[in-house]
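All chains are identified by letter, namely A, B, C and D, in their written order; residue positions are counted from 1 within each chain.
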């Protein structure tokens, strides 16, 4: 297990490095960053001045090494718009996004696991069809549109919850619903598929042959095995929510890093964009590593391997 | 004397294995130095339990895997360095599972004709004729040509697999447990077919099976494998009457015959199959052997050719002969 | 020969395989209709989708407010007086184009990587797995937004960016499917009869991968359509005045309190299209999967 | 008539399929007394496994069971409620399966899985369950039994897992043990060991053992009685010596000719075969199911075939007069 963990960490490190390079290169290679910062109608001299000011005229590798070196020390540069460092900005907004994603994930799990289990048990019955129908419908709706519908119905018409901002817990309710709604179908399908597969396994027949009550068979023998991949996927989904928060936070004007990313992209505040890309990607790298380790720990076949 | 059709020369195959994505690499020696000859027109039966390396050896003979050491010659030519088209005219396989050995998306005609297509032989019409001829040869009718594997029974599928193997007229056919997945009544049909085709077409078989009763029926020579090595080799009558290796004796005793009143054989072997990642020292069979003495753990007995046509890798082989 | 041929069970034909699935039939009809509408947009659309008639702004559809509605504009007009139905019809073109070409780009990348990883294993697999893990670590929406912001928004850019981002699922699914097939005896048999590796990949593996490929492809096409809508909604996808459905939602946003139908209609259009694509993919998979052993 | 522990009369299992109803088991009658080993033998698809699952009430969803009589120790199982069946299963009647690699739950330790039926059926507390588990593991020939309890199934070989399965089935001291192809997935040398173990335990515990297999060699080695199944029917049933020594049904006769015997079957000559293949069981039929493949078939075989029985309790379904 320890060796597994070490090797997994090594992989995470390699992926982290690759991701940092991509986060850095993306904005340099896809166009002229200096021109983009300067704006569309800026005179050539102004563009050159910006290029020199940000060191954009030096070799890419030098720029990357310098940027990465600073980033490792927590210095992601300064925002072009806010009078703050990028790290401070991100740290400032991160708690909101984390709260939002946590709430969203909890909601998604609360819906998806019972529904997935029920659908697997009542395979090909109305429960199954209902769950599947909900999942298909959920996956077909654009998330921003669903968020706007929530605003229109619960915010404007019924006025049950605030529709924008990040003041107080209440303003997180609708965004969390919107965010969780899109993770639930994936988690539900995986729970259902896992349960269906496990329920046809030989050891379930063994459990029945022991005369165990259906409840014990379902929860002790079936769910215990079916839930393992769901746990892994849930942590991956948490990572997806951090990045998916761009759309939802923007719709609800919730002051998280997603909203910050959108604002910064619109304002061409590229140091901030780069910083957020790096932070979100690294978050994801760490989360998937945790997921894999959790998975390994839950599965005695991996946990007990020498 | 002409050279044997198939010559297996000191073949060793090692694999680097990992038990998990991140577990350390270890070396598994699946085949640990095997030398065997198969004269033209004969059947070499290879017997052993799962994990003894017989299927790995089959793949090496087929040229689907390369030996780590040693070489396999068919018709005097090294299989590993032959071009795939040349190789496929020399040796063809019949596999165990008739369900996975046929592509479910192809018709029987396309499956049997595929080798001709790959080799660019004949016009479509000629190929169709050859396929029809092969169908007749394996006991299927023209109406089966358009069928898909899912519409055939296990025995019928195995006939299709045999037809595909024979359409290029190879000299050697490697039968890897060709009847193990079949019911006994179907097994008898397929065994009869294989024997009849061998006589008719002058084929040679490398016939691999875990079932000693089947092997002794079809083979003109028998080799018994244990943990990557041949432990006994000889003609089937002799091996059956006077098995020289204790493992062969155990295997023979384990064959349950449909004769009531004999009860179960006495226990022959101690312990269980060893972990192939950590093979026992000396004679690999010694931890389970009823005859083992300290010498067996220290010194690995060679496959002694001194006893003539009947060879056994056991320190006590000569004793058993009497 | 002494061996008699066992009788052949009657060939089972299944015409009902396609038509027996109501979801599939409905999806095919809906998708066909949308496709036809998109292709024939100039003929079908009642108005020019770009023509602004300032004295006919924000007319609601008849079923929302019969009194204010104009019978000429079945689904009303937007804030610039453009016919909403015509814009929705032209919008289908954008969604379908982006969805299809993104799927094509990502499908080619992902399938090549996945099949290679699954078939060759070893180092190739390790490299592909690393690429997939790295790709998954990049937040799609943020990266797409950032690239569009630097390069500029256009159909081609959106297709290319999404195509380069959405290949991961193709790779993962094709990899595991290929791995399963690679070990089957008919692939070994194909090698034994002398088939070359490309022939094995194309004629033995790919036909058996097709049903899972169709499912992923339909899913990814739907994802691309949803993502394009989201990018355009955030102002960094397709640029105005093109009638992207996502853009239409964005433009309607400031009127959502009084004219919510302006938001609802393009959303429904996206939903219907995505739903139809997904159901069609599932239907094709069910109908083409080779019969099991039973 | 001997007092049977398990008495099955005219058991049928029907499975609805796309093309109609699959008559997987048709009018199968079996009986087994304490201390007896009844082997149910037949080729794949003959309904032998479904028969054993039907007795345990473990048929897959959709399959329908019916019978004239299904009694266990005088108790009617046909009308027993689910709760009663659960109380019997794993307790007085236990079952082991073909695949030792997949029949144990990978997520729980051997000890936990062994203790489960013991605790569930109220045979004692955890401590007693543990002691019983150790005792049984030793009895099925597993060394270092106590340390095995904390191991997971994946840490054991196939042969060991099947021993664990057997120990698990014996935890509550059952009277009837059903074994569905318990050695098919194992190597031949291991197969002999497991069979020896089953035979010994059966003797020691006075078990009634119902063993389902496709291997006539296994049957000959352990059976007191044999039931031969073909196309869902029991075509022949009787004492092992009678069925092997003087098989009455042409199918049994054909089957015995198909099996090569080392040293006896002449080499280089074709084996006996049964031509043709098993008929479809969808739709059902009245005539002899073996008619199309039978060398002795005649017009009368198209009529329903009555079961015949001789004085020794040897039953068969064929209109032919026994020869010799």
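Just so it is clear, a contact is a pair of C-beta atoms (placed from the backbone, for glycine too) under 8 Å apart; a residue touches a chain by one contact, two chains touch by 3 or more.
Being a predicted model, the structure only gives us computed values, none of them experimental.
Visitor: Go through the assembly and pull out the chains touching chain A as well as chain B.
Guide: For chain A paired with chain B, the chains in contact with each are C, D, in label order.
Visitor: Where are there more C-beta contacts: A-C or B-C?
Guide: Output for the comparison: A-C.
Visitor: Could you give the separation in Å between the centres of chain A and chain C, each centre being the mean of its C-alpha atoms?
Guide: Computed value for the inter-centroid distance: 22 Å.
Visitor: Cα centroid separation between chain B and chain C, in whole Å?
Guide: 49
Visitor: Can you give the whole-Å distance between the Cα centres of chain B and chain D?
Guide: 31
Visitor: Once you find the CA centre of chain A and the CA centre of chain D, what distance in Å lies between them?
Guide: 53
Visitor: Mind pulling the residue numbers of chain A that touch at least two other chains?
Guide: Within chain A, no residue contacts more than one other chain.
Visitor: Provide the list of chain B residues touching at least two other chains, using ranges where the numbers run on.
Guide: Residues 153, 155, 189, 192, 196 of chain B touch two or more partner chains.
Visitor: Could you tell me which residues belong to chain D and also touch two or more other chains?
Guide: 270, 273, 277
Visitor: Going by the contact rule set out above, which residues of chain A touch chain D in the complex?
Guide: 201-203, 205-213, 216, 220-221, 224-225, 299-301, 304
Visitor: Across the complex, what residues on chain B touch chain D?
Guide: 49-50, 153, 155, 183-185, 187-189, 191-192, 195-196, 210-214, 216-217, 236, 240-241, 250-265, 267-269, 272-273
Visitor: Please name which positions on chain A make contact with chain C in the complex.
Guide: Checking each residue of chain A against chain C gives 11, 14-16, 18-19, 22-23, 26-27, 30-31, 33, 36, 136-137, 139-145, 148-149, 151-152, 156, 236, 239, 242-244, 246-247, 250, 258, 261-262, 265-266, 268, 273, 276-277, 280-282, 284-285, 288.
Visitor: Quick one: which bits of chain B touch chain C in the complex? Just the residue numbers, please.
Guide: Chain B reaches chain C through residues 59, 62-64, 84-85, 87-89, 91-93, 95-97, 99-105, 114-115, 118-119, 136-137, 139-141, 143-144, 147, 150-153, 155-156, 161, 164, 168, 189, 192-193, 196.
Visitor: Mind pulling up the chain C residues that touch chain B in the complex?
Guide: Where chain C meets chain B, its residues are 1-6, 8-9, 11-12, 184-186, 188-196, 199, 204, 207-208, 290-293.
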